[in-house]
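Take a look at the structures listed below.
Heads up, the next two complexes both have chain A, just with different partners, chain B and then chain C.
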Partner chain A sequence: MMDRLSAVQKCVFAIILAGMVMLVTIPLLFFITVSFSNATEMTQFPKRMFPSGEVTVYVEPEEGGKYELFYDYKDGNGYTSIITTNSASKLEKHFARQYAVTIDGDELLEEFAKTRTEGAREFTFKKDMFYNFRQFFKIVPNAGPALKNSIIVSLYTILISLSLGSLAGYAIARYKFKGREQINVGLLIVRMFPTVGISIPMAVMLIKMGLYDTMLGLAFLYSIPNIALTSWITSSIFIGINKELEEASFVFGANSVQTFMKITLPMAFPAMAASSMYSFLTAWNDTISALILTNENQTLALVVYKAIGTTSSGIQYAAAGSIVLIIPALVFTFIIRKYIGQMWGGVEL
Partner chain B sequence: MHKSLKVPKKATPYLLLFPIFIYYAVFWLAPVVSGVREVFIGMDGGFTLTENLKLMFQSELFSESVLNTAAFAAISVILQYIIALVLALLLSRKFTGSKLLMFVSMIPMAITPTATAILWKTGLVKDGWINSLLMNLHIIDQPIVFMNAEGFNAILLLIAIDTWTVTPSVMIILIAGLQGLQRELKEAAYTFGANKWQILKDITLPILKPSITTSVIMRMIAAVQVWSIAVMVLGYSKAPFLVERIAFYVDAIPGVDTSTKLAYTYSFLTTIVVLLATVVYLRVSNRNRIAGGGEEG
Partner chain C sequence: MSYLEIKNLQKKYTANGPLIVNDMNLSIEKGEFIVFLGPSGCGKTTTIRMISGLEEITGGDITIDGESIVNKLPRERGVSMIFQSYAVWPHMTVYDNIAYPLKLQKLPKDEIKRRVEKAAEATEIQGLLKRYPAQMSGGQRQRVAVSRAIVVEPRLFLMDEPLSNLDAKLRVTMRTELKRIHTQQGSTSIFVTHDQSEAMSMADRIVVMYKGKIEQIGTPMEVYQDSATRFVAEFIGTPPTNFFDASIIKEGKEIYAKGEGFYYKVPASLHQALADYVGKEVDMGIRPEYIGISPQKKEGEGYLCDAEIDFIEPQGSHSILITRIGTNQNVKIHTVDYMDMKPGTKVSCYVKNEMVMFFDRETTKRIK
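After this line comes the complex of A and B, so read on.
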């Protein structure tokens, strides 16, 4: 009775829904377009909403084997003269830098030679869609190693959090012992603890240990909230795992290690996968701690953060870099989405 | 039979917990202690109760950073929850495309903060996509200069960005809470002549309350630690926040003695603020548990 909607209500409902989806997707769409834009498109205004796949130029034959190149900036002035040249290398550079068209200079001259017989005309070239991505890794020299570092630090964080966290989670789930409540509260405090608060003393300590500017050192910091988180997630799963099964395994002569490896662990796998993805996201998304704890060995998020400060003219490259940064984070978030609601105060999604 | 189990049963949990005790002693407690110690050691190396705190209070943009952090956390969280609640109430029924809505709503939260900052920076510059969109829709004739925003306007700008990032996922949480709401309860209320507003006020909101309060505190803890969007969109010192100050002293003016001390002291202050919020969280979630509310988070 309450849920039957009138036509007007349905209409309002649809508008709100469409509005929400658009509010989220339109900024993303523009952003993706920016990451695929060439330098010339970046100077144009208004900006395109969808990425373009090709570039059109107008070429006029000139004396001395030269060609005059025109480009339409869509600013109402029509074709504007850009350069007049007969140099293959100059053309090649211009096409790569300005239009993200990677094509051999001599090939361009050959194409343009057609204007000698056919007269001035337009030429359309296919854009190199991954030009900005390649450029990002070229302009930011440590972006490649940083990508590797990000993967390594994420793996370390997962490994540390999972091994220590699931042991604790198992203990909390399976045993009644003195101090259990206190340990639970302690773990919650550590989980909420802002890692940025201890990043600086941690840096001093890691220098002493010889682990400053290493991914292992960074992983030690990222693991602090994640060990606690892992033990919390896994303990709630271990509680649900049938204890009789474990006892049966004991009866058949397996020791506790074997039982844990063969029976308990496989059953707890989904929870462990989810918590390792949280660990991944912490390590993958952080910038502030990486800023404090590293010097040469930066992570990808940090490199992208620094790139935006230095390449104000080439923000499309930083945008391409951040697309590389987003994709794994996005994929993993969708995998763990079931657990996110629980994280936020115990709501199941 | 249990020959391999040499340790007495009583000791097993402690044995399992031993590694994380060691871990937290070395990598958490030790840095926390030395971080706190640094706050109370003066420039000359001697003990001081207030020197560094004074240094922080008198440092440039201190009061702005505190006020901004408080304003940001309070306004953004309140705004996000109001919008999310309205949307959740409207969208909580099952409808075609609800899966798609959930999918789309997850995206902003999943994006790495660094990337979110670049996304909005490319939009907010004068020839950015926001102006492009507004011009194409003929809402404005002249591009708006967003990046010059200062003071409270800059904070509002950052609140808007944060709202875009967070609201959809808050909405999902509230929708999830609403779907668990027993329909019988609502129908019974209807039968007894309650109107929609009364149902919302007396049934829906009280049932949502536990999940709202706990997630609000979690959100606040995250909001207090805002910095990357502020720095990446506007730059250092344009919209000072507590954690932004830490990054500023570490990143922008490193190597100076006072900046290290200031970074320590700001870290200390941030930690205190977050821990206070955690204490509130614990109290609230305990009360909820006692009251039979949602599971503890």
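After this line comes the complex of A and C, so read on.
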């Protein structure tokens, strides 16, 4: 009975877990698929799960040196006539835009010339899998600098919220002072505020300070909720660190600064790594505050957001942009995770 | 002047709070192994934290080698400490843990290495230097803590219940080990425990503490055989001393202790001390091994009363017999002569070797 029950429980857990995994991964997979699809594949329905690596067109020779191109040519039925032309540049553009095939126009004409002697036939070309990515950086000209900006603003945010937040967390954990509880609750409330709510007053302040449209200014804004979160997370870690560990350091010759730097801080490191991840993600993913607080110096998330919001035809470029946005976040998260896992011979805190 | 002097030491945690350490006076000679013994909450930890400098003192003075240390920071006092939780740093290897104090002294690398290895050898953890504490057992971590404490060659070695987190068997081996290291290093040590058998087996002298005060300072034999207060007689020894309510009565030349169920003729050696207590109530204490029993009726010298054995707890080398005498329902008798006595047996009880103790009801001090 016990065994059967646990088997049923296992089943239920497995289903719930699978559901959750699917909920998270399916949109992500979809976006990945889209980012590797060409414009023609985008219009197909149902959409293919995996974008193909090549493109096949059916070419019929026409009068006046023209060629008629058919895509999705199925035994002569249901094919779509796409373009009839004899211009090399038009062909080249068409192949790039529609099929993500980057090939010289004259080369195409040369190939198609074969149909004049051999009759209409199919041609298969290799797809340029990273066409969308290249295109994203081309049509969004500030994407490169935006990527750099995003990295800078994330680093600033981590630095500010970690240094201030962990010091505050330490004070809350170790010292008894008036209003300690209130501060603790206050931190949580600060965390609850939507950053966009502070963005407008912050914009005014930053303009006065000459920090408007700078990454440092933006990092200040992102740090506000994250200082609160960091001090909240680290204070509970500092409380959990046995006081005797610090006292041992005092007895064995260290002063307060040495003790904090060599004992307390390293032991709080996993918590700080975790909170730095939150800081990073805030700074990396935010669009709305960046929209308010920047002008020329946009961040990658904002650029991607604008690309998605404004391009109706090229959703696949925006998807490529999103992937570009996701990858550093994933890498950062995995590095931190691995680092925490490997520390101190696998000690659990 | 002694090596370590504690004079009128006092501690209050809050201005209007109770005195946690109340006027403590103690002199310790170089090379001694001193044990602070007392029940939990009596102020042992507070006292050694004041000696180490981790806690401020409220009053009094502490000197080492004639020099007051109370205004010095912990790191300037030349003491090392083994904490109850061991306090080995989890993010450092064993080597780095032991080397930490030496690195802070900015000693040359090769000297640090030499001293760490020597300290590790003394505690037999040479093979573990590259490990992290998480990869070690409690006993091994304890050894790391000991190595770190001896590597600095301290003037004074403080240990706060260092064995209490170990399992029973390891605790006994570590006792011997710590004592061996103490002797080898020629250090002066203060060891805190609430376990009286630990105290008895390790100490050169035991400081028995109760409610922030020193009850008695003496060798293990002294505190056991010649307990200064009722608390000491009760706290030290397993099973503890049996106590009886008694009133002192004078009959002609003799003095008797009369209680419910017994009428005991006090030995002549105590007559003078008890002279002031005639007609008064006192506490009478007899250790379990000084209550003799005899299955035959045996009145006469040392006779206490007749009793019936209720239970018997065999211990192998001896047995504990449990009986009732007067109002004390749980009198324990340590016997090697009648180890397989049956419950229900009627016996005569007597006091062996005049080993009876009387305590003043008011001051709880021993009357002698």
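Keep this in mind: the second predicted complex is superposed on the first by the 250 of 349 C-alpha atoms of A that agree within 3 Å, B and C clash if a C-alpha of one lies under 4 Å from a C-alpha of the other, contacts with A are read in each partner's own complex, and residues count from 1 in each chain.
One rule holds for everything that comes next: a contact is a pair of C-beta atoms (placed from the backbone, for glycine too) under 8 Å apart; a residue touches a chain by one contact, two chains touch by 3 or more.
What you see is a predicted model, and the numbers here were worked out from it, not measured in a lab.
Contact with chain C, but none with chain B, is seen for A:Met267 once the two complexes are overlaid on the shared chain.
In the superposition on chain A, contact is made by A:Leu245 with chain C only, not with chain B. In the superposition on chain A, A:Phe193 contacts chain B only, with no contact to chain C. When the two structures are aligned on the shared chain, A:Ser89 is found in touch with neither chain B nor chain C. With both structures placed on the common chain, the touch criterion links A:Gly253 to chain B and to chain C. With both structures placed on the common chain, the touch criterion links A:Arg337 to chain B but leaves chain C unconnected.
In the superposition on chain A, the residues of chain A touched by chain B in one structure and by chain C in the other are 250, 253, 255, 343-348. Residues 242, 244-245, 247-255, 258, 262-263, 266-267, 269, 343-348 of chain A are the ones touching chain C in the complex.
Residues 1-3, 13, 16-17, 20-21, 23-28, 30-31, 33-34, 43-47, 49, 160, 163-165, 167-168, 170-172, 174-175, 177, 180, 183, 185, 188-190, 192-194, 196-202, 204-205, 220-221, 223-224, 227, 231, 250, 253, 255-257, 284-285, 287-288, 291-292, 301, 304-305, 308-309, 315, 318-319, 322-323, 325-326, 329-330, 333-334, 337, 340-349 of chain A are the ones that touch chain B when the two sit in their complex. Residue ranges of chain C in contact with chain A, taken from their complex: 52-54, 73-75, 79-81, 83-85, 87-91, 100-101, 104-105, 131-135, 148, 152. If you check the complex, the residues on chain B that touch chain A are 1-2, 4-5, 10, 12-14, 16-17, 19-20, 23-24, 27-28, 30-32, 34-35, 38, 87, 90-91, 93, 95, 97, 100-115, 117-123, 125, 127-129, 131-133, 135-136, 143, 164, 168-169, 172-173, 176-177, 180, 186-187, 190, 210-215, 218, 221, 224-225, 227-228, 232, 243, 246-247, 250-251, 260, 263-264, 267-268, 270-271, 274-275, 277-278, 281-282, 285, 294-297.
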